[in-house]
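Paired with chain B in one complex and with chain C in the other, chain A is shared by the two complexes that follow.
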Partner chain A sequence: MYNLILRDLYLALYSSANFFYTSSFFILILVLLPFIFGTSIDQLQLLFKGTLWIGLSLSIILTMERIFNTDYEDGNLDIILQKNSSLEIIVISKYISHWLVYCLPLFIILPLLSLLFYLNTSDVFAIFLNLLLGSFGMIFIATFVSALTLAAKRTIFLKAIIMIPLFVPFVIFGSGDNSWLILLALSMLSFVVSIYVSTYGLRLYGES
Partner chain B sequence: MYFRVTKNHINAIKAANPYLILSTVTAFVIGLYYALIQSPPDYIQGDSMRIMYIHVPSAWFALMCYTILAGSSVLWFITRNPTFNLVARSIAQIGMMFTVLSLVTGSIWGKPTWGVWWVWDARLTSMLLLFFLYLAYIFLWQAIANKDIASKISAALAIIGFINIPIIKFSVDWWNTLHQPASISKLSAPSIDVSMMLPLSIMTLASLLFLITVFFIRFRIEVLDNKILRAGDEI
Partner chain C sequence: MKELRIEDLNCYRGSHLVLKRLNFSINSGETLLVRGDNGSGKTTLLRVLSNYIRSYEGNIYFNELKIKEDKNYKNKFTFIGQKNSLKDNLSVKKNLKLWEFLYNRKILPIEILSEFNLSQLIDDDVSSLSDGQRKCISIQKLRFSESILWFLDEPFVFLDEKNSKILMKKIEDFNKNNGIVIVTTNIDLGLKFQKEINLNV
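Moving on, here comes the complex of A and B:
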């Protein structure tokens, strides 16, 4: 399990995405806001939370093919499946490595970003908690969609159509205040569904 | 559960087809007569509420088709009987058609009543999401070349997407927004007048007959396409 996580982290670090890439992505999504809506700070504060949710969804949608599909296409998934007897361990290590690479940078730079938009500490903490709990659930959903759609190659928009309706409950409760308990429940529920469906998808791939 | 489609079933469906079409047309003629001519106009909304007689049944059947889709996917997972798979595939396209119909008639109704074609109301938005669930189901089927794997994956997706149905059903209570809550429920007396209830019932029956007719046509095509008849049967 640690080997798998380390492998994915090294791959991300050296090839596709390191900390600076992913955090720059979130910053640039927010930089677009004043260009679209003007520089009135009241309006920007209203849009800040929603834009963070859209940025998080986008980063997960854009990178979801790297969870299983790239390994599947270059043949690494065969070796991973042979080396590890437990499919659940593979799936859990994918959750961890993908969250560390593509979601953690957002939480590291979030205090800095909220400084740019003059938010006070209690508001930032509420947004932080909601995003944190929501990001777990969204990673779980992206993982099982990636595992299920291994056979559908190069159909990233189809996968987005599948995933976005499943993101909707997280976004509904994530945009509310004091809803972190519901988000935690949703994330736990999606973990239960995800680990079962992801292993089912991998097993289907192993059979064919 | 070990039911298998045979030549006799297909022939029976084929023979029933003209009668189903005839009864559908008859039910629609009677229903539209009551809906458009006999029933009184609403005392606030006037004649524009008559579109309800199309809108409400199609919204009900949009949800019902998804329930059947998810239910037959579950049964397919349990029994591995390919008939359930074909039921799911046939019902998906009909359900998508009803979803589009309810969205379109809803926005035509919304223009005179609310003053806008579309509001970002909970129920409308979740109906739109239901449309995309149907779309994802149908497209996923086409995107995967291996039909054996495609049937397994799309069945799993249909079951997961079923989470959206309670969200649609209860979104009005949770968010308390513009769309009126359901007037007809099983637990209490309906808050709708009898003169409107009668045409609505007939139109619901007509829509149900229409659903069954189209479903049987689609199901027959799917069976013939996939050649899942019992060995020895030839058509």
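Moving on, here comes the complex of A and C:
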């Protein structure tokens, strides 16, 4: 399990700037806001929260093909499936490595970004907590969609159409206040569904 | 003496019956050459033997244990498929490093590359390599695990005469150490192996 996670981290490191791509993408989307909506602070603070969720959803959708699809296409999944005893372990390591590579950088820069928008500490903490708990669930969803669409090449739009409706509950509760318990529940629920469906998808792999 | 035995194997791909009542056995130290036209089920056979495809009729035994039920079977074989398991945008050295993690085994890159005389390519991107060079590196996945079974799917495709000989030598040496090899091909390479089956009906 550790080896698989390490391998994915090295892969992200080698395919250089992956860490930076998602966070720069995130920053740029937020920096666009004042240009579109003007510089009134109240309005921007309201938009900030919503845009964070859109940014997070987009960065997960854009990188989801790297969970299983690229390994499937170049044949590395053959080795991964052979060398790991249980499919559940493969899926869980993918959750961890994908979250570390594509979500963690966002949480590192989030406090800095909120400075740009004059948010006070307690607001930032609430947003941070919501986003953190929601990001787990969104990764779980992206993983099972990736596992189910292994053989469908270059169909990022199809995958986005499948995934965005599943992100709706996260976005609804995520943009509300004091809803971290609901987000935690949603993430736990999607974990249960995701681990079952993802292993099913990998089991079908041999048949495809 | 170890034996890989297949009894009455039937396997469907979609609605086609590609492997029909297949029976054979191989003992340690032997190589089986599987011939057949495109679509005759050569790759399917190797993927069944590697436990990737699990829905089939009939039984496959290795060492008198059914391969579906043997928990240790996954450590006993190496499958070299037609996909190279290489990331195009990374250098050869980095690709080998990633394999080290996947196989949980450290081998010096130079040791792996020198066998096919590819040492000078160590820092090149895989995308700049020829198909033959990629195939040679892909074949070297054999070095990463100590298996007793080798399943090689079309290993001679793209290889030039010199590298084909190196691969033949590798297979012969492995046979001398009691290894079992199954090789598929659909062209006549004039190679001699102990056993041969033809999947064309």
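Here is the rule we go by: the second predicted complex is superposed on the first by the 204 of 208 C-alpha atoms of A that agree within 3 Å, B and C clash if a C-alpha of one lies under 4 Å from a C-alpha of the other, contacts with A are read in each partner's own complex, and residues count from 1 in each chain.
We take it that contacts are C-beta pairs under 8 Å (C-beta built on N, C-alpha and C of every residue); 3 or more make two chains touch, one makes a residue touch a chain.
All values derive from a computational prediction rather than experimental measurement.
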{"item": "Contacts of A:Ala185 with chain B and chain C, given as first, second, both or neither", "value": "neither"}
{"item": "First, second, both or neither for A:Leu81, with chain B first and chain C second", "value": "second"}
{"item": "First (chain B), second (chain C), both or neither touched by A:Leu6", "value": "second"}
{"item": "Partner chain(s) touched by A:Ile41 [first = chain B, second = chain C, both, neither]", "value": "neither"}
{"item": "First (chain B), second (chain C), both or neither touched by A:Tyr14", "value": "second"}
{"item": "Which superposed partner A:Leu204 touches (first chain B, second chain C, both, neither)", "value": "first"}
{"item": "Touching residues (chain side chain A, partner chain B) in the complex", "value": "148-149, 151-152, 155, 158, 161-162, 164-166, 168-169, 193, 197, 200-201, 204, 208"}
{"item": "Residue numbers on chain C that touch chain A, as the complex places them", "value": "47, 50-55, 71, 74, 79, 81-90, 94, 97-99, 101-104, 141"}
{"item": "Sites on chain A touched by chain C in the complex", "value": "3-4, 6-7, 10-11, 14-15, 70, 73-76, 78-83, 85, 205-207"}
{"item": "Touch list for chain B against partner chain A, complex", "value": "126, 129, 132-133, 135-136, 139-140, 143-146, 149-150, 152-153, 156-157, 160-161, 163-164, 167"}
